[in-house]
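Okay, got some structures for you below.
Look for subunit A in each of the two complexes below; its partner is subunit B in the first and subunit C in the second.
Up next is the complex of A and B:
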């Protein structure tokens, strides 16, 4: 029997893995973008303590292999009485890790923003959080759209690592089919095709949002 | 109808006393004095690097002066009434809403449409009624001749159009005073006229304005008073016809010669 026919017969396994990958990545992308914006505010803050704290976190996450972080959260935290399901552990690992990257790319876009329009915000009476929310962050997001897209693709690829803490995502599903029926080529190619389609969809979305953003820059 | 008031009798809107500013070892302003009365258009003139833009930015504390103080309608800017404590961001922001500013490079908010740029601060800083602000914003865009661009983003506009939006945005705050920081310096020559025309109308309608400019013809025709700066000091100030025809100092004469030669 053809390997691809076997994969097709087991498509419900593959698709439910795919659904988990999409759900994990989508939630992780949105949450890490929002938290990343808050962390970027700390990176750009006037308070030195806030800047140092945020920088330490970002640097720490950028130096930790994601695999180890996932292990730490799933196997390490229970020793402190924090027990979570595989799925939740995986999601938290994705968020904790990618917040740092989102914050750093937003900080870079923020630092490159024209100073004058922020200054105009001050001159027109904006200050504090409202200045950030209404005057600074919108152009930061528009400028950062391509980088946010890249990072979202990175999140999807990171999610494949979660197979090592037995999260039932796409890579795990492909592995399950291949160990049951010994069809490694077909099952992995099928998984790769699904990852590829997802990335294409994101890139299409980025191109679309990019056009919207371009008019507003 | 009341007869038009002589400028000397009009109430003082803004006064700056003894304003000094250094950037490191570089002294930019020394002991600047300026009084602006209601309805006046004061033009700050001087060579590049004379400190006129820095002085203008001190007036609303975008630059913090090292010494001296600035008073807007009897209220000190930047320093609390009690003691010598510097205002916090919230207090500074509140007083800045009463001073409109027009920037050299327009400084429009790129993510907002023309109409949204004009409405942004009145709604979100002054917390005024949205429908009313919209009506006023549309009228202002009409007044600066750009109503047909209300829904466009700034990136789609010419420099002259952007600067007219910048002026409408400042007017929407209903400020006591308008500051112009070289409003036509970044414009192509053929676009300068449309911006100056709007400013001329404002001056005629009695808006109180402080204008940093290199447009000598505008200063001569529109200013109620010109102030000439060189190396961070006021060298000369007075009526424009006096200044342009009979400058009292050598430095002013040299400056005017250089500009008339262009």
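Up next is the complex of A and C:
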């Protein structure tokens, strides 16, 4: 039990890592959801070029492991003269990767949307972007909330990979405590406990939104 | 980048494939076992499975690998890096497989079980002859999807100092100061691996469809 006392004494290290994980994941989740919605529009667009371009991007991201992309952004971009801190490169990697997944899950929800509501929107004179924004996206978001929640959990798990490019997130903090005090069990168990609590919180949030959506109907 | 570098990344691919296959081969039956524990609500054990699935689903593979590699020696179990990697990937894929198998079990038609019981089949026989053959096919798409996710989370073992596709590619990139070509090679290799899984799934599904057609 001694190990847990040491981790508790170093809780500021662990918590600042945790705060970084939360910040990275939260920003990545929000930005990739917004960009993912735009990409989903491209996936569902009438123009063939937009569709093909978006599909190639989504498929490429679905074939790459996250760490490989993070490596490419962290080590690759400097040779094009773009220099960023590892925190920023990590965040950009998270966004670039998850935009594809968000777009794909929104597309799936969009494809399942009943045709009638879109036709009714047409009948009421909604067209183009206005139709998408006012009629299509709101129900798509509500239908996709469970998948968005899952993807957010995936983002949090992906963010742990960033420890390999030395971003000071939760796993990195646990590793720092373990290398200083040799308390591997306590520090990694503490880290996993924090990840677990976060995911439980997201799942609770998703269930809550689900109830709200049901009440609205 | 020389041909030798391509060969080095290819060797990483062999490692990625073998370590992923090992965890899939162990993780599939393990997940089925856990799912059966929950399905038949074995007392106490099924609570353990619930907690296990919930915790593993939430833990990143990197953190899990570190825990298994660095923490198990504290309780007297010392694993080599490769074994620790296989254990990590197996534990994580088994948790996801548990949920997939359980989902398939939950949607299994009750009437079939009842009629099998009416024919006097024992519990084990019912499972072997009636449930399992159909379960495999209904769970297959989700299982294959999980396998491809597994291949993509396998670079996590880089924290244990093992060299898989991603690590090999990043090494070549670091040495040549030109990360794009090794990245493309790695991308192609990962796509090939994922494609093999998906194609095998389609093959099994086509065969199954043909069998069902022949039965009619």
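Just so it is clear, the second predicted complex is superposed on the first by the 213 of 217 C-alpha atoms of A that agree within 3 Å, B and C clash if a C-alpha of one lies under 4 Å from a C-alpha of the other, contacts with A are read in each partner's own complex, and residues count from 1 in each chain.
One rule holds for everything that comes next: a residue touches a chain if its C-beta (ideal position, glycine included) is under 8 Å from a C-beta of that chain, and two chains touch if they have at least 3 such contacts.
Here the structure is a predicted model, which is why all the values come from computation and not from measurement.
Upon superposition of the two complexes on subunit A, no clash is found between subunit B and subunit C, which fit side by side. After overlaying the two complexes on the shared chain, residue contacts for A:4 are found with neither subunit B nor subunit C.
Of the two partner chains placed by superposition, A:87 touches none, neither subunit B nor subunit C. Counting the residues of subunit A touched by each of subunit B and subunit C gives the higher count for C. Of the two partner chains, neither subunit B nor subunit C is touched by A:181. By the touch criterion defined above, A:134 reaches subunit B but does not reach subunit C.
When both complexes are overlaid on chain A, the residue A:57 reaches neither subunit B nor subunit C.
Contacts of A:153 after superposition: subunit C is touched, whereas subunit B is not reached. Judged by the touch definition given at the top, the superposed model places A:117 against subunit B, while subunit C stays out of reach.
The superposed three-chain arrangement places the nearest Cα atoms of subunit B and subunit C 27 Å from each other.
Subunit A has no residue lying at the interface with subunit B in one structure and with subunit C in the other.
Taken in their complex, subunit C has these residues touching subunit A: 54-55, 57-64, 66-67, 70-71, 73-75, 151-156, 158-159, 165-166, 169-170, 173-174, 177-180, 183, 186-187, 190-191, 194.
Here subunit A touches subunit B in the complex through residues 114, 116-117, 119-128, 130, 134-135, 138-139, 142, 214-217, going by the rule given at the top.
Partner subunit A is touched in their complex by these residues of subunit B: 60, 62, 89-90, 92-94, 96-97, 99, 101, 103, 105-112, 120-121, 124-126, 153, 155-156, 169, 173. Of all residues in subunit A, only 60, 63-68, 71-72, 75-76, 79, 153, 156-161, 163-164, 170-171, 174-175, 178, 184-185, 188-189, 191-192, 195-196, 198-200 touch subunit C in the complex they form.
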